[in-house]
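Heads up, the next two complexes both have subunit A, just with different partners, subunit B and then subunit C.
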Partner chain A sequence: MNKLLEKKNPAKHIKSFGFLALLLLLPVIFTAVDFTYGITISCFVAIYVIAVSGIDIVFGYCGQISMGHAAFYAVGAYGSALLSSKLNIPIIISMFIAPVIAAILGALLAYPASKLVFHFLSLATIAFGEITYQLILQSPGGITGNAVGLATKKVNLFGFAFNTSFRFYYLALAFVLLLLAAKTNLVSSRVGRAFVAIRENTHAAEGMGVNARKYKVIAFATSAFFTAVAGSMYAHFVGYISPDTFTNKQSVLFITMLLFGGTASKPGPIIGAIAVLLLNEALRSMENMQMLVYGFLLLIVILLLPGGIFGMIKDLFYKYTHRGGKENAKS
Partner chain B sequence: MTMFMQVFVSGLVIGCVYGLIALGYSLIYKASGMMSFVQGDLLTVGAFLGYTFYGLWKIPVAISFVMVFILMVLLGFGIERGIINRLVKKKTLPIYIVLATIAVSYILQNGAMYIWGSNMLTFPRLFSANSIKIFGVGVQPEALFCIVVSLIAMVILHIFMKYTKYGTAMRAASMDPMAARSCGINVSVSTGLTWGIAAAMASLAGMLIGPVYGVFTTLGATIGRKGFSSAVMGGYGNMYGAIVGGIILGLMETFTSGYISSAYKDLFAYIILLLFLFVKPTGIFNERAIME
Partner chain C sequence: MLKVNNVTLSFGGLVANNDISMEVPAGKIIGLIGPNGAGKTTFFNIVSGVYKPDKGTIVFNGTEIQGKRPYQINKLGIARTYQVINLFKKMTVIDNVVVGMHSRLNQGYFSALFKTKKAREEEKMAYEKALELLDFVGLKNRAYQLADSLSYGEQRILEICRGLASNPQLLLLDEPAAGMNATEKVELDQLMQKILKKDIGILIIEHDMKLMMGVADYLYVLNYGKLLAHGVTADIQANPEVIAAYLGGDE
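Up next, the complex of A and B:
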């Protein structure tokens, strides 16, 4: 349906082609201006965009809070690292298997949790996140390397190693485009409409014949899958994982990015990931102030910008385009 | 016997602290239907303030405690008035309020680190005696003090809520804000006061646990998260449940780490939390506030 509509609008087509060309040329531009660190940041942006899009499905569209998504991120990272190193599964396949495991875990968590209201859902997801974190930190048999962490291998596809930021960027870009397209299709489908119905009013949705529990489980599972893909990308990009990355701070970071960008939209997670990562870079020089500034910013966004940056842009745009109309109406 | 007694006392100490924190959660939930993630970090701030007044400025214990209480009531009141109430008035989704409390907890925790540094500080001893004999077993007097004072605090809170005019007004305001308002109760002040009292209780917990555990910036974060476990175990919103849940959790935790293994000690609280949420969300005291 979407594709049909897009074909009727050639201008939009040209715009998205231009955007894609810019994305493809980005590492080349960064290399040309001798700012290779920019490529590394772009790779992290890609990873976070996927993770945050996952949260957007469950929180932005379905209205169910999860404060334990770091657990799915961890399952993706450790799952893929362990599957590829212990069982010798090719990384590109283990990067798919680990998210499937995460999706199953997400469904198992969501099934009993779907009865809980938001407050207690957030407690349940926090508990889930903490349990996962503790199990990584003190794993049975020390399989995760406990506090020391694990060294991971780089992705190798048909003999081509994605071992530099420059090369990994294209792999990450492919993942982002694929998963964002999947997300867009999902939320504009029947399932996505059920999500929104549950978010707006669960009782009314159930009255209309939407099986709330089923769709909450679907939302959690898909969301876990997305975040776990990001986790596996993180593991094979950085080359080293340790429990420090998967604390509840990470879960809050995901939600902060989503709120910064704006919920339930296509550009929201992208804007949020870029904004928060750039902010982190800017605050790098004063490391012990970082979390403090971060807390204030989160508070300001919640108090003053409930729609996030994307919501603000939309509002400004609306005001700008409708200014003439309003003045006319007044006179 | 010696080991049993020591484990039992340290279980009671941490259990009372969980109880005090959970009590704050229950009070806030009853008064405004909100969930606050600030309690744990208020505990940290309280411990640091106590350390500053009593340890650095050498103000007598009782006066330091009172000064900390006053400051913390103001802080709790300010958080409710300045942030939570504003969001409630704007009719924002409840989840944004939860996130706002998380933001405040980040600010408190990292603000404390900015002011007092990230090293562990030693809270000065409250008593000159090194240990007190109970059934022939030596126990740190601060540990006993912690248990006794927190139990007294709980009784005082119970009397305050049940038998004083302010307590009755607060209970009325939480039960039915509209009816309370029409009876001339200032509902918004009473909600703010509830947050203030919860903050004071958290700071009490911080000053009681400070001499036993030491004072550091992440002291309250873990206790705060585990406090949820005891609040849910007792029945979220039930004051007696919070205390009972706290003490049960504290005892279970210390006994498992004392007699079985300390490796999975931190796992315990969260498994209990998940089990109760999934199997018996109304808790031991069958509090019906939790279900949709």
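Up next, the complex of A and C:
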């Protein structure tokens, strides 16, 4: 709507250009101040931004809860690791095939689940997450390395190995920009409007010509794809994967980030991923407290900050720009 | 255009619609009246695909549509509003209207994902057309507000506008004047006349008899799920059975 106007606004162009420059320079800055650990954290932020943005599509926009997205994270990680090691598929391609498989699995799960109402859907997705976890823990033929896990290879593009945090950061940044652009396109399209209509009023959406079941399946499959991309990035960044990363705790972490940052927006998942990851770092010494902290964060968001951090910023901004009264709301 | 033949639907033991037949031609306003609980909304829900009738057929432009899903029936050219306002509250007014166009737009998943030239052009066209429609119903200056910030009467008008967005041949209005003040009712009356000029047929449920007598060309009266009478407005007004049903039902 107002987007058409925004595009012609040069100030906005300069701002996003400056932002991109900052993102490109970030690892250099971290290296200069001798805080290379910052680059590693940034890589994790990128991975989580993608995973959480995916969940935002199905939950934030389409209103369908998933408490089992760690399963798609696992399909992306193990899928890409196994496809590249057992079938010798180039990693950059296996990182695409595994998410496609995750999307198909997501669609197969969503088709019967799309009939379920909210709380039953959340139970069904928890069960799916648990089943997937058990399958990688006790895999057929031990293909996943079971409890021991798998060593994974680094991404190598035309002889250039993304084998350091510094290098991987740029690959991750490219993925983030690409997938966020895709998300932005999707949610502002006929498909995205159908998602939001389903969230707002499924009954009326059907009445207005939206095949709710079809679009729920599409939203679920898309979000599975995103989260699986994040999983495959994780696998080839860390160099080693094991089942503990793919427990229900991971799904709760995704949801916490999304709710904390704010749903149905581009900045929400970014803010949420950064905030929760930094908090995680701060609480590193007491790892067994993490779940407690997530639980606390969720309660805070649900009770005090229903729009998340980004929602709060938006409200403040709205109040600030609309101080003059109601006149300008009309035009 | 719409021909309903002997439609029956029960909820458990309650026969909400009992052997109802009806015809709605293009370019006319047909009224559906009856006391509370007579089965009027249930009838709309059957025609629009929310419920599948136990018996009977519904023929729309030569195709049987009973048992089809609501989104399919919308695509075939029947749009509706709801007795209880059912807008997409946290969407803007204009986005509500563009959702109403869903079945008339062609963009698929991948053209949306990559924002192809065709998709961009279609989006531009859709939002322009939505503005035109909002202008048509008198809500253009509200286009970029959230739907739930509108007044009650405006929300009812927006529901009609959202229905029109699918370019229907038949529009079902379930108590559109409920909660409207006198001025808004006059505007609604005028809006319906404008819609008729587009050669759209209207089937309207309304308790406001004054409004109904003014706009409807022909009336059907439901009582306890059964068709009690039908005929031109003046005949229905004088029908003793109808008067008795209303007096009895209005305790």
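In the analysis below, the second predicted complex is superposed on the first by the 314 of 331 C-alpha atoms of A that agree within 3 Å, B and C clash if a C-alpha of one lies under 4 Å from a C-alpha of the other, contacts with A are read in each partner's own complex, and residues count from 1 in each chain.
Following the convention adopted for this analysis, a contact is a pair of C-beta atoms (placed from the backbone, for glycine too) under 8 Å apart; a residue touches a chain by one contact, two chains touch by 3 or more.
What you see is a predicted model, and the numbers here were worked out from it, not measured in a lab.
For the composite obtained by superposing both complexes on subunit A, the positions of subunit B and subunit C are free of clash and fit together. Once chain A of one complex is fitted onto chain A of the other, the partner contacts of A:Tyr294 are limited to subunit B, with no touch recorded for subunit C. Within the superposed three-chain model, A:Gly207 lies in touch with subunit C and out of touch with subunit B [touch as defined at top]. With both structures placed on the common chain, the touch criterion links A:Glu130 to subunit B but leaves subunit C unconnected. Contacts of A:Ala182 after superposition on the shared chain: subunit C is touched, whereas subunit B is not. Counting the residues of subunit A touched by each of subunit B and subunit C gives the higher count for B.
In the superposition on chain A, contact of A:Leu303 is made with subunit B only, not with subunit C.
Superposition on the shared chain A places subunit B and subunit C such that, viewed from the Cα centre of subunit A, they span 80 degrees in steps of 10. In the superposition on chain A, A:Ile313 makes contact with neither subunit B nor subunit C.
Judged by the touch definition given at the top, the superposed model places A:Arg190 against subunit C, while subunit B stays out of reach.
Annotation: superposed on chain A, subunit B and subunit C show a minimal Cα-Cα gap of 13 Å. Applying the stated touch rule to the two superposed structures, the subunit B and subunit C interfaces on subunit A have no residue in common.
Within the complex formed with subunit A, the residues of subunit B that make contact are 35, 83, 86-87, 90, 92, 94-96, 98-100, 102-107, 109-111, 113-114, 118, 225, 228-229, 232, 236, 263-264, 266-267, 270-271, 273-274, 277-278, 281, 290-292. Contact residues of subunit A toward subunit C in the complex are 1-2, 182, 185-186, 189-194, 196-197, 200-201, 203-212, 218, 329-331.
Here subunit A touches subunit B in the complex through residues 59, 65, 112-113, 115-120, 122-124, 126-128, 130-131, 134-135, 138, 202, 248, 252, 255, 259, 288-289, 291-292, 294-296, 298-299, 302-303, 306, going by the rule given at the top.
By the touch criterion given at the top, residues 48, 50, 69-71, 74-75, 79-80, 82, 86-92, 94-95, 98-100, 102-103, 105, 107, 109, 112-115, 119, 122-123, 126-127, 141-145, 149, 162-163, 165-166 of subunit C touch subunit A in their complex.
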